[in-house]
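First chain A sits with chain B, and in the next complex the same chain sits with chain C.
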Partner chain A sequence: MRAFRALFMREVWSLCVSPFSFVLLGFWYLLNGIFFTYLLSSETIRADVDGLPQYMFGSGVLVWLLLPAFPPLLTLRLFAEEHRLGTLEPLLTAPVRDIEVVLAKYLAACVFFLAFWAGVLALFIVLASFNVALDWSLIFSGFYGSLMISLLFLATGLWASAWGGNLLFAAAGGTAINFLLLFVPVLFDQQGNPLQGLAHAMNIPDMVDRGFTVGLLDSYALAYFPLVAGLFLFLTWVRLVSRRWVP
Partner chain B sequence: MIEAEALTKRYGPLTAVDELSFQVEPGEILGFLGPNGAGKSTSLRILSGYLPPTSGRARIDGCDLQDASLEARKRIGYLPENFIAPPELRVGEYLRFRGRLKGLKSAEANRRVQEVVAALGLGNRVRQPFSALSKGYRQRVGLADALLANPPALLLDEPFGGLDPVQRQDFRDFLRELAQDGKAILFSSHVLPEVEEIADRVLIIHHGKTRADSELTRLQERALNEAPVQFRTSDVEGKLLGDLKAFLHETENLSLEQSAGTYRVLPENAARRQALFRWLATQPVEVLEFRTLTPTLDDLFRSMTEEVPA
Partner chain C sequence: MSSRRMRLGLLTLLAAAAGTSVVIITLSVLVRPEARVRWDVSSHGQAGVSERTAEALSSLPEGTRAIAFLRPEDARLTFNGNLVYPRAFARLRSLLEDARIRARGKLELIVLEEFGSPVDWTRWETDLEREPLEVLILDTPGEGRRKFIFNELFTSTDPTPDGQPARLVQERVDSALGDAAIRLVTSKPVRAGIVNGYGQPRTNAERGLRPLIRLIRSEGLDTVEVTGPDTKEEFDLLVVAGQTAPFQQGDLVAAESWISAGKPLFLALGPTAPVEVVQQWNQLLAPAGLRFDTGLVCEARPRAGALPGNSTVATLDISSSQLSGQHPATQVLAESGRAQGLLAARPLALEGGSNNYLRTSLILSSADAWADHDRDYAPSPGEARKSFPLAAAAELWQSEQPLQTGRTVTLGSVASLTGPQLPFAQEFVSGSLRWLAGQDAAPSGLVSLTSLPLRIERADQVRITNLVTLGLPGFTLLLALMVYWRRRR
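Our next item is the complex of A and B:
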């Protein structure tokens, strides 16, 4: 536990002092700020401000196009960068379990990514300070849903990062997996498709639009994201321990 | 104690380490010698628990690296070749982090960091980021890291690389002190004089195979035994040649040097060298010079690791 705590703290600290993390965060805030301002000036939101969380946390183009890319950009440094620099060897020869390494890095990335969504949440707080009546249950359920998707995308990013020292592969691989997880089930979730049942069960936009952004916390969706994230963490761990397997 | 038992590592058709077996006792320094690409770093990576062997066993203080990897790694201080720490961390921060990672409590980690920093002359560098350090200081940080948890076994991969002569001497002295404290030390190098100065025993490998595993004094004896002798006589007409050929055994190589009356002989052993000297004294020629062309350990190392033409 001591080793885990030390590694977790170090990873959080490293993310906090990394200029690249802050470039990502700044870019995220900028795009979300522009999108938020644009939405506020739109007729749809002027007519019904309660539609705002749905765009910011669910149906918005930012969520579906940017969210798959940002977590892998954050997680690429966790293994791929260490591998490239040569700091992975001292880490993995220290008396620390591989699963502790995976979890500490993952949780650190999760904690840091919370700041990404906290900034979006802050936009609503600022809006509320101008005496705009907001439905906070919609905002928090949307926020929660976005966190859930982020947990999954961070796990896929971590897995892509564990494949070696190629940063481009880590970023592009993680992003590609995230887009596949997002959109392949949507393509197959059509009437008459033999895979529709499976595709529907994995249809993330559907889970978000019919659940989190309309204020419903569906237990299936609540279980789906941690389970699939857990699967990718398991794969990351397998990737790490396979190094010690006798060929 | 560090034990390797028939360690083998294959990468497809390439055998990087081939049936390597040795032991390093507590208090002993074993120099692991071989040219670049001989399999030294791979062996050390296996012994550190970073890579698995294809076959064979490795144990640290009795803990098997395959079956009890975590326990074995608790007993190892490992300095990889070209050691590097996360560049964003300061030296003190990095060492404290490593201490905690190795299971030390916070106060204990701080104490050990102070001790190793003082022992390795890093006192004025603890606030510097790792990226600002010279190669020599980076190596010291790596060694400090290896020593933090006071492990009984040290694995050091090319620890003298990039150090200036003064730093090398300091490093050697420090390693000797560590051995006196009872640590088993295995360090790799491809520079024989470094090994000669510090190691109790030398393990020479080439193409992953053991070429010699011996105490240095024995290697030196071996070098002496394999030394040719050269003698110069007043026999410029070469009258001695026939009798000399008759005296020498078939396996003893004889060559005539350019200077008239000068011969070079490779005796079978030290006794035969003495016999040759006595025999010469009985001959009707004047012996002007008789000397043993003792190869250095470097020559011996080269002869052990030189490529044999196919």
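Our next item is the complex of A and C:
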């Protein structure tokens, strides 16, 4: 446990002192800020500000474009960089279990990603500070949904990062998987499609739009994200373990 | 060595496949409706369907489908801006999804979006005999089917002349779904007998009464066409729309006994109805205190081409203030501020009648209207301007049987019930039919949709923009620069 804690702290620290992480954070804030400002000027939101969480967390640019791309950019260095610099082998031979390595890196990325979400929450706080009445139950519910998605996308990013030392591959691979997870179920979730049932069960925007952002928490959605994230963490661990078997 | 690597590689693949299988199996168990739990954490507590509706839906027969047609069709609601449909459809989607899950696998949900496959749209529209403005159809494997027009599920204000768009005010999706499910499961549908043997407009023609029959069916009522009230067919509600010949003796007696038994009646006679027919019905309805008067109700409207002297003065715009806000048949319409339209209307009169009946004017013309007798479409000296009842209802004060309450609705227009005119009076007719069938549109089912308009000063908006697009990202990028500079040192 001590080794895990040390590893976790090291990862968090390395993310905190990385200029790249802050540049990512800055761009994330900037893009979300622009989108937020655009929404405030839109006719729909001016008529009813309650729709803001649905656009910010559900059917907006954030979920469809930014969220699949940013987590893999944050996680791309976690394994790929170690692999590229040749520090992965010493790490895997150190007196720490492989699963602890995976979890420490993943949790560190999750903790740092909270700073990303804090910025989005800050947008609502800024708005509320100008005496705008907001329904916080919808904001927190939608926020929670987006947090769940980001936990999943960080796990896929970590898995992509574990495949080799190519940073571009890690980033592009993670992003591609996230977009696939997001778009493919939506494409197949059509009436008459034999795969509709399966696609509907994996339809992430649907879970957020018709669940979290309207204030409905579903036991399936609450289980889906941790389970699939867990699967990708397991696959990351398998990949690390298999390096010993199949270098 | 290579054999060992192959074995271990295979082991890796097996481990990955095993992990994936475990997750898929777990999710396939959790996705089943009976395994799912949903929590409503919204501040208003009405994000999903109620327990009553969930219970009713879960008692529906296997294979019941809810088909939603999400396309803006009412031009009034998109005039000056489109604020009603996006919010209403978003609400409908989330409620239907909740209904699907909580119906414990009994309800299949099909959502047809505006930009979805036109082939699917056409197929479903044809299969379900969908009419314009119908937004949701609940279809059971038997013959049970309930159709909902948009305004049954949502109430909205009309756009204003000063440029304000229509706004969504209330919704009753939950109670409407629950009511429909209960009706589809528990009871035999109310049957309406439509009289077609006394010169009524043709019931099989689009410009005749066919749209009205479809509307009656869409209200969940069964229909049967009869030549007159004296028939072996059994029905619960008598519909007489546009009679042009007086009843024969047998039908007259049957109609009299129908009314005296307190059975529900929907009667529409236009200004061209023969005097004998009008007199016959006035005698029959005398105890209820309802009477058809003479003339054609006209009103000068501030619209091009609708000046006195022009026949379009007989096209009446009925604003919500002209609808009774006290009567269940029109209460929801009046409260929602929705306008109706009537064409070629005869004035009605409410008289003393017997003391057993309660009488109400459902629709009144404007105070500027006159009953035109000489067909010059202008108020002549003998044609005083005043407010005329155009539709009226009567009901027994006391009744014991559910469908023998003496409920009667009279309407002074037949043209409004036929062909292309029906959509303008459709909501009124729907409300009246529901009341006659004992299925009052309970206002208690209405859920207010609170809107929190964003009222923010221009200067404040500029400050917010600066903060969120410059302040926060700028500060973070500055941090990045500092971290970079420290690391360089």
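The rule is short, and it goes like this: the second predicted complex is superposed on the first by the 245 of 247 C-alpha atoms of A that agree within 3 Å, B and C clash if a C-alpha of one lies under 4 Å from a C-alpha of the other, contacts with A are read in each partner's own complex, and residues count from 1 in each chain.
The definition used in the following text is that a residue touches a chain if its C-beta (ideal position, glycine included) is under 8 Å from a C-beta of that chain, and two chains touch if they have at least 3 such contacts.
Note that the structure is predicted; figures quoted are calculated from it, not measured.
In the superposition on chain A, A:R10 makes contact with chain B only, not with chain C. Taking chain A as the reference chain, the count of touched residues is higher for C when chain B and chain C are set side by side.
Of the two partner chains, neither chain B nor chain C is touched by A:P194.
Look at A:G86: by the touch rule set out above, it reaches chain B but stays clear of chain C.
Contacts of A:S18 after superposition: both chain B and chain C are touched. Across the superposed pair, chain B and chain C both touch chain A at residues 17-18, 245-246. Contact residues on chain A toward chain B in their complex (touch as defined above): 2-3, 5-7, 10, 14, 17-18, 82, 85-87, 89-97, 243-247. Taken in their complex, chain C has these residues touching chain A: 5, 8-9, 11-12, 15-16, 19-20, 23, 26-28, 30-31, 35-43, 47-48, 81, 83, 86-87, 90-91, 93-94, 97-98, 101, 110, 112, 116-117, 120, 165, 167, 450-456, 460-461, 463-465, 467-469, 472-474, 476-477, 479-481, 483-484, 486-487. By the touch criterion given at the top, residues 17-23, 25-27, 29-30, 32-34, 36-37, 40-41, 43-51, 54, 119, 122-123, 126-127, 130, 132-138, 140-141, 190-192, 201, 206, 209-211, 214-220, 223-224, 227-228, 230-231, 234-235, 238-239, 241-242, 245-246 of chain A touch chain C in their complex.
Within the complex, the chain B residues that touch chain A are 10, 45, 48-55, 66, 69-71, 73-74, 76, 78, 80, 82-89, 97-98, 100-105, 142, 145, 149.
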